[in-house]
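We just call them A, B, C and D in the order they show up, numbering each chain from 1.
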Amino acid sequence: MPTLYNRIANQNLDRLSALSDGVFAFAMTLLVLDLRLPAFAAVHSEHDLWRSLAALGPSLLMFLMSFLTLGIFWNGQQTQLNYIERGDRDLAWIHLAFLFTITLMPFSTRLLAEFIHFRSALLLYWGNILAPGLLLYAGWKYVSRYQMIRADTPLEIRAAICRRVVIAQTLYAIGALLCLFGTFWSVGFIFAVQLNYAVAPRLPWRRRETTAA
Amino acid sequence: MPTLYNRIANQNLDRLSALSDGVFAFAMTLLVLDLRLPAFAAVHSEHDLWRSLAALGPSLLMFLMSFLTLGIFWNGQQTQLNYIERGDRDLAWIHLAFLFTITLMPFSTRLLAEFIHFRSALLLYWGNILAPGLLLYAGWKYVSRYQMIRADTPLEIRAAICRRVVIAQTLYAIGALLCLFGTFWSVGFIFAVQLNYAVAPRLPWRRRETTAA
Amino acid sequence: MPTLYNRIANQNLDRLSALSDGVFAFAMTLLVLDLRLPAFAAVHSEHDLWRSLAALGPSLLMFLMSFLTLGIFWNGQQTQLNYIERGDRDLAWIHLAFLFTITLMPFSTRLLAEFIHFRSALLLYWGNILAPGLLLYAGWKYVSRYQMIRADTPLEIRAAICRRVVIAQTLYAIGALLCLFGTFWSVGFIFAVQLNYAVAPRLPWRRRETTAA
Amino acid sequence: MPTLYNRIANQNLDRLSALSDGVFAFAMTLLVLDLRLPAFAAVHSEHDLWRSLAALGPSLLMFLMSFLTLGIFWNGQQTQLNYIERGDRDLAWIHLAFLFTITLMPFSTRLLAEFIHFRSALLLYWGNILAPGLLLYAGWKYVSRYQMIRADTPLEIRAAICRRVVIAQTLYAIGALLCLFGTFWSVGFIFAVQLNYAVAPRLPWRRRETTAA
């Protein structure tokens, strides 16, 4: 009985994009709520204040790291949706599941910031990077299979979108594995991978590659 | 006097959609704020941390359940609005009332998670599923009556949208009734219904139905 | 020097609408954060829970009242913007000031809910209804004066938008004055006015008026 | 390998705008969460309540100041994006970095409100005005260099957008320098500059300038 309903639901991708932008915007801004002000009573001089603020450094770095993750996934989802011609209910639910993992990001970030020496915290954080990656991959496979990609999308772009997820997730998995040596190695490696995705393309020797490609 | 104003107000459905997406995005992300970090002082080993995180399981499940509910109503509202040609002030207020019930969702979820053995908590939770359902139904009846549906909408789609609400709400009501045997039966049944709406269409034996339909 | 900049800034009204929808969506959802769960330790039976929930009634009513206010102003702003052809920087700042008063709404609602017997709380609440009203009025006057209204807007619609604000604000002012007799009279009157704006148009005897008009 | 991906990612600026509007809307509304209600127990009369509310004055002023800052940057970003023809991944990341600084604004506002006598708090606040300014400037330089500006954009507009950032940031830097004399001088000066950007264009003697230009 619900089959007709399934065909008619969620054909319009604009609202899916708008909902996603809202969830991302909110998750990005929520992170900062965890930056607590220094206690007024404990601050007697400029020096005290600088020291209290410096103590916020690790939290701020973790916040930056999660902001990068959110930015990377926002970019990834957006690029996919740009090439999709129309949606349906299944695709909407794949992306809702993706958004669910995004809403968990502030929690797993806080968890890692508080328990950075614990492997369980790191593995959960990694799980929260793996899950949205897998869902983005599933979403792209789904639209490929049911011919929902815009007809004018060149084949190499279709492949590039898949390859992208696979390479990034392989790197993150290597990062997670590094926790065998210590959780700081993992955090450092994952952070480096994220910075690479955000910043690297603008480095001069990458530019050259671009021209060569 | 206000009659002219009523005719001119809210003809544009885009802003209603944008407001709705904002409310849904916010309600979906708010839920996670209730996931509290384990207390740092109580965690001395990886084992302690896993146990503390496992203790968050029920909250997380409840959060997932509410996320599903929100996703289902977001889908439902969006599908309706897609078939509406233009709005007016009454329609805007029906959807604002719908959004009001959506903003209550994080509260009734928290209530149920805290008082899961109490029938009153369950019935309120169910009321919070019933109310948006009734309002979506009222919204569709309203646009049907005043010819505000897009002219190219086939009759069977109009019927499918109504049927959908009626079937889903009947199932939820059965779930609520199960609390006569125990609130866990209710929660389990409602969760199963929601999972069915989110996941089932992709199961193979449902696919066949689709083809047959 | 900044004059050229002023002319080029903010011509596009879409982003102003999107920002407004975000602020409204957030303010509407924030209100519910003030609904506190009953304390688990104090609840020993279904009866206790019902009683604790009933005690939330006044807060919920106040929340509903503010939701109505936000809905009314959202409607009002949206209707205006629909008739505006293009924006400029001054108009953007009028609407930003309007949004500023909207962000204060959760605070003044909470204040009134907590101090409902105090005239100062009521007057501040009223001030928070007056200010956005005046700013919407100023916004409409501004676009009227600089010919920024869409050319196809009939004259009676231009008048209706002004009249609307004036009538509503007069009623709210009467409500505020009633606090001479008691703050409950004010709250009741203002609530009645708001319900009227939200619900009344659908009452049968108002419908007749519509046809007659 | 990722070069093809870089070319195809983020061509659509609409989602960047939507994400930005969400972040700004949220940051603007978050500020008000810091306005705490007067303690009920401490209020015995209307006079007590007025006094408690008056004590909120400085916080409210600081909130207003940050709202102005956010409004100014929102205006600035929006005006830029209006003249950009298409995006790419680098531009998306410049604007994501810009949004990151925006999400920090509620924190640095709170910090300044709490530690207004401390130069470190003021300098951090100023840093949080400087950083988004530099990023907007970088964003505009980037689109200028890679010919991503809409072809019909007159040369003087391109210059005006740059000049605007430079002048504003020079004024803010002067404000920050004033902290040599006292942090209140800085706050007052920065507030005056912001008010000027928000309100001044509507003053009569500025209007004349506009006509002369």
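We take it that contacts are C-beta pairs under 8 Å (C-beta built on N, C-alpha and C of every residue); 3 or more make two chains touch, one makes a residue touch a chain.
From a predicted model like this one, the values you see are computed outputs, not experimental measurements.
Counting every residue number used by either copy at the chain C-chain D contact, under half are found in both chains.
Superposing the C-alpha atoms of chain A onto chain D requires a rotation of 90 degrees, rounded to the nearest 5. With centres defined by CA atoms alone, the chain at the far end from chain C is A. Mean C-alpha positions place chain B and chain C at a centre distance of 26 Å.
For the pair chain B and chain D, the distance between mean C-alpha positions equals 36 Å. For chain A, residues touching at least two other chains, in rising order: 18, 21-22, 25-26. Residues of chain A that touch chain D in their complex: 17-18, 21-22, 24-26, 28-29, 31-33, 35, 37-38, 40, 43, 46, 49-50, 53, 64, 67, 71, 74-75, 78-79, 82-83, 156-157, 160-161, 163-164, 167, 197-199, 201-202, 206, 209-210, 213. Listing the residues of chain C that touch chain D in their complex gives 1-6, 8-12, 14-15, 18-19, 21-23, 25-27, 30, 89-90, 92-93, 96, 99-100, 103-104, 106-107, 110-111, 114-115, 118-121, 124.
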